[in-house]
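One chain, chain A, links the two complexes that follow: it is found with chain B in the first and with chain C in the second.
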Partner chain A sequence: MLHDGDLASEIHRLLAEKLFVELDSPDVDLLQAGVLDSLALIQLLLHLEQQFGIKIAVDELEIDDFRTITSIARLVASQKTACADVGVRNGVQR
Partner chain B sequence: MAIQIRPYTEEFSGPVAEFNRRVGPAHVPFRIPETPVPSWLPKVGGRNIYQEIFLAIEDGCVRGAYTFKHQQFSFWGRVLEVGACQMPISEGVVDKRYSLVGPKIVNDALRRQPLSYGLGLGSLDAAITRMLLAMGWSVRAVPFFFRVRNGFRFLRNIRYLKTTVLRRCVLATAAYSGFGWIGARIAWPLVAPVAEQPRSVCAEQVDEFSTWADDIWKTCKYWYSMVGVRDSDVLNILYPPGNPRFIRLKILNNGKPAGWAVLLDTVMSDSKYFGNMRVGSIADCLALPEDADKVISVASQVLEKRGVDLILSNQSHASWGRALSRAGFVEGPSNYLFVTSEPLTELLNDIDPASKGIHLNRGDGDGPIHL
Partner chain C sequence: MRKRLQDWLTSQAERRPDACAVVFQDQRITYGALEAASNQLARALQRAGCTRGDRVALLVPKSPQALIAMFAALKADCMYVPLDTASPAARLTRILQVCENRCILAVQSSAALLNEIIKSESFAKGTRIGWLDGGTSLEGGMQAQFSWQDVQSFPESAVTSVNEAADGAHILFTSGSTGVPKGVVITHANVIHFVSWAIRYFGMDPSDRISGHPPLHFDLSTFDIYGTIATGAQIHLLPPELSVLPHRLADFIRDSQLTQWFSVPSILHHMAKFDSVRRNDFPALKRLLWCGEKFPTPALMYWMRRLPHATFVNLYGPTEATIASSYYRVPRCPEDDTAEIPIGDACEGEKLLVLDEQLRRVAPGEIGDLYIGGVGLSPGYWRDPDKTSQAFRPDPYSPNPADRIYRTGDLAKIGSDGLIYLVGRSDTQIKSRGYRIELGEIETAVHAVPGIQDAAVVAVDGAGFEGATICCAYVPSPGFDVPPVTLKKHLTRAIPHYMLPVRWMVLDRMPLNGNGKTARPLLKEWFLQQAVPMAAPKKSEICAAVQSTGEREEDVHVA
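This part shows the complex of A and B:
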């Protein structure tokens, strides 16, 4: 399982490789810096879902979830936990 | 910071005005209306076609909006509710902190009606189109057709061609040298013979649609994979009796109603695209696909007799496109895009994989201002 630091590094790499966004620190405010418009946000969501095997519901998102790499890592970690919980529940039901 | 999407109510008129001021610098082509009741297609009585405006609210501030058109469509005769997400706007255009508002708006529209579409949008490069595509929506262009009736005025006024100094000079020279007609005909193959219409076909201008239009609808709905319901009730809502802007034609074949068309004849004034031309458009029409020729031919003749410089039409269905070509129209680049949500795309792929039977035109768009 990835730790928070590993997750942040993975997201940092993903932003650079897929969205061509280079950041100096995981705490740079992505929105203030103007690097994430609505299209980039959707593309980031899709990449996160693909990379980490999670499902992110746009309805439940808040903009603060995407403010920094650290906050994105927190979001991914919580979604991974939620997905794992659903998996366990489904396993028990079976 | 929580964004909530809710119906537009009177209390938000002030925050909407403030929103419009804030997004002003982005030069978006539209604003959120400053009253909650849409001026076009308000929700009245038991109408099946109406619009609602929804706002994205954050702590009492408006951060975005969209208009949702509720409408029924027939899919090879099976009538279903469909939604059109129109004029979405987000504060993200001026402040990227609100970039999530756009996707939330689209999601809200989908939650209200999974079978949703957008029509128009501008171009494949437009931010809204790219965002919808990234969210899994599909896009098709609704073909655009035009026919030049006055070469001189066309060459003098058409603006989207005048993108370089050289082109401007060539067009101005052609127009003033008396070669306007020739220029227009060389530039576009308008010399193609126009199919003649049998004398049995004629048009009658009507003030409103009535039971004859219902009969046409009942026959035609089975012949299109997707077509907006166009019975007389809907037609009289879309093109209200008494509104002189709409030219409503009943097309008769051997004295019997075979179809109808709604035309516009607009004198442009310093228009971004058409300068000061008199532009005719075949905005909406319906008949059996095999009768498309009759409707297009007669509708074009009516506009010609009125003296328009140019006739335009957007038609998605192959039979209507062929009818336009046979009437001397030329297909041009289309920026009139039809985008469909994943559920609507799946439905269309199931019933009409090649999308040949979809009948859409300007009548399915976002209102008379864009016709």
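This part shows the complex of A and C:
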């Protein structure tokens, strides 16, 4: 199982490899730094969904969910838990 | 005496001092308060030595404070220069150097940027610094001329200004093809002509609640601000980060009960993609206006179907011709998603001409260069007579030798309906998310990065999604390893984020055409092929949004 620290470094790597963004710290404000605009956000969300096998409901997102790498890691962790819960429930029903 | 922009504020403040003028987050500023604060700040600027025609730079994010500073600069007979606080210090330093500002106004949140600018060798040491809040310490032992506390000690009473309608009101910097941004001087009269026409045409009144979406260095914001103040309406400034989340943006329009929305189309397209607008949403919204680039017809249809109660108007015009020069009110929702939306007819007092190389009018249906003449034309580029004379020429169709026309660089044709349609560009300028970008400025910045031997920047059409996609191909110098992530990091120190390429290609050598020049069409081809579709694990909302308006999924992927 991934720890938050691992998740943060995976997201750090994803930003560098997919969006070509290198950040000095996981707490850099991505919006203030101009790293995330509407286009970059869609790219990021798509890559997060693919890499972590999660589904992100855009209309439930808040700005603070992706302000920093740390907050993105928190979002991904909560979505992974939510997906896992759905899996367990489905298993029981079957 | 003919009206100046600040006179609009003064007359509203006299008539309705308690009416709300500006709303931003939890702040509400009345006309009376805006007038009083701008009078105090104008006096502080005068005390700092500002006189008629001086430039006052605003290193202030979008906020009521920024609007106070604009009116204060005008009342002190100065021109203001709104700066993009998200731009790198190096670019802002170049702009400041060109402007020779008497004063820079800043706030604590822009202090780090200001200190970086002050540290630069080219920073003019005589520049005065004023804080619009408590401020903080400055680099190199510099002392601020005043803080907001000092400003508040000045009288609130009216300031006597001596500037006239023909004086410059502000300088707006746009991307320059040689790497140096160009400063477009806009006069009081330029703005007053457009805004007065728009108020009449749209029937704006004091009950209007007007959006303030674009950043303040973008000329669309001029209409939001002065349209509001001239009519005694309210402007609702949107926090920039809201634009990232389409549903939060929709909440804002709904909760603020906006009656007028004006933005670049890319943000409206973004909202359409995520289906953020409900049927008959935003019941207070009377008009939805866009400018800056083409609004893809499928996205326009999405909006028009959901908001049958609103009027939809396409405005067109470059910064050099002040806000907009032509308009087209879309009479009904197009039935065909390939329907072309014209830029329409000239606004009152403006003139649009489609001409050939010899400046002869082209026949309807033929493509020519689009020129603009009339009351909106800027006097020219700040301290750049060469560029001014290249772009602004005598109007061959006017008996008045002083009349000029501006070559927009847009290619256009006159349709069988007599309306003007845009067909493309005659140069390498592109639009991305409404920003006007010269690829040459990006290329110059890439060439300046150590370890780059050759580079070319091209734009590929993103099938309407956020405008064009900026792509950079480059050849590292022998012995250098410069991956895209490193190059991009270097570029963030030279150009604003909206100019950063999103696709990259590292080459051993640049492809050349028969004339020995970079084969740009071939590079575009390569970038289009390079986009590899990514298979999402399952059909997600995001994938669906991307595909919803018939776009290819790869358009939103980086390589």
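We take it that the second predicted complex is superposed on the first by the 94 of 94 C-alpha atoms of A that agree within 3 Å, B and C clash if a C-alpha of one lies under 4 Å from a C-alpha of the other, contacts with A are read in each partner's own complex, and residues count from 1 in each chain.
Here is the rule we go by: contacts are C-beta pairs under 8 Å (C-beta built on N, C-alpha and C of every residue); 3 or more make two chains touch, one makes a residue touch a chain.
Everything numeric in this text was worked out from a predicted model, so none of it was measured.
Enquirer: Both complexes share chain A, so when I overlay them there, do chain B and chain C fit or clash?
Expert: clash
Enquirer: Output check: A:Ile56 vs chain B and chain C. Expected answer is one of first, second, both, neither. What do you get?
Expert: In the superposed model, A:Ile56 contacts chain C only, not chain B.
Enquirer: Could you figure out whether chain B or chain C reaches more residues of chain A?
Expert: C
Enquirer: Considering only touches as defined above, state whether A:Ala16 meets chain B (first), chain C (second), both or neither.
Expert: second
Enquirer: Kindly classify A:Leu31 by the partners it touches after superposition: chain B alone (first), chain C alone (second), both, or neither?
Expert: A:Leu31 sits against chain B and chain C alike.
Enquirer: Following superposition on the C-alpha atoms of chain A, which segment of chain C from the set 59-67, 95-103, 185-193 or 329-337 overlaps chain B?
Expert: 329-337
Enquirer: Please report the chain A residues shared by its interface with chain B and its interface with chain C.
Expert: Shared contact residues on chain A (touching chain B in one complex, chain C in the other): 31-32, 34-43, 45-46, 58-59, 61-63.
Enquirer: Give the list of chain B residues in touch with chain A in this complex.
Expert: Checking each residue of chain B against chain A gives 1-3, 90, 92, 96-104, 107-108, 111, 127, 130-131, 134-135.
Enquirer: Name, in rising order, each residue of chain A that touches chain C in their complex.
Expert: 16-22, 31-43, 45-46, 49-50, 53, 55-59, 61-63
Enquirer: Considering only the defined contacts, which chain A positions touch chain B in the complex?
Expert: Residue positions touching the partner: 31-32, 34-43, 45-46, 58-59, 61-64, 66.
Enquirer: Hey, which residues of chain C end up touching chain A in the complex?
Expert: 86, 240-248, 266-267, 270, 274, 276, 433, 465-466, 484-486, 488-489, 492, 496-498, 502, 504, 534-538, 540-543, 545-546, 556-558
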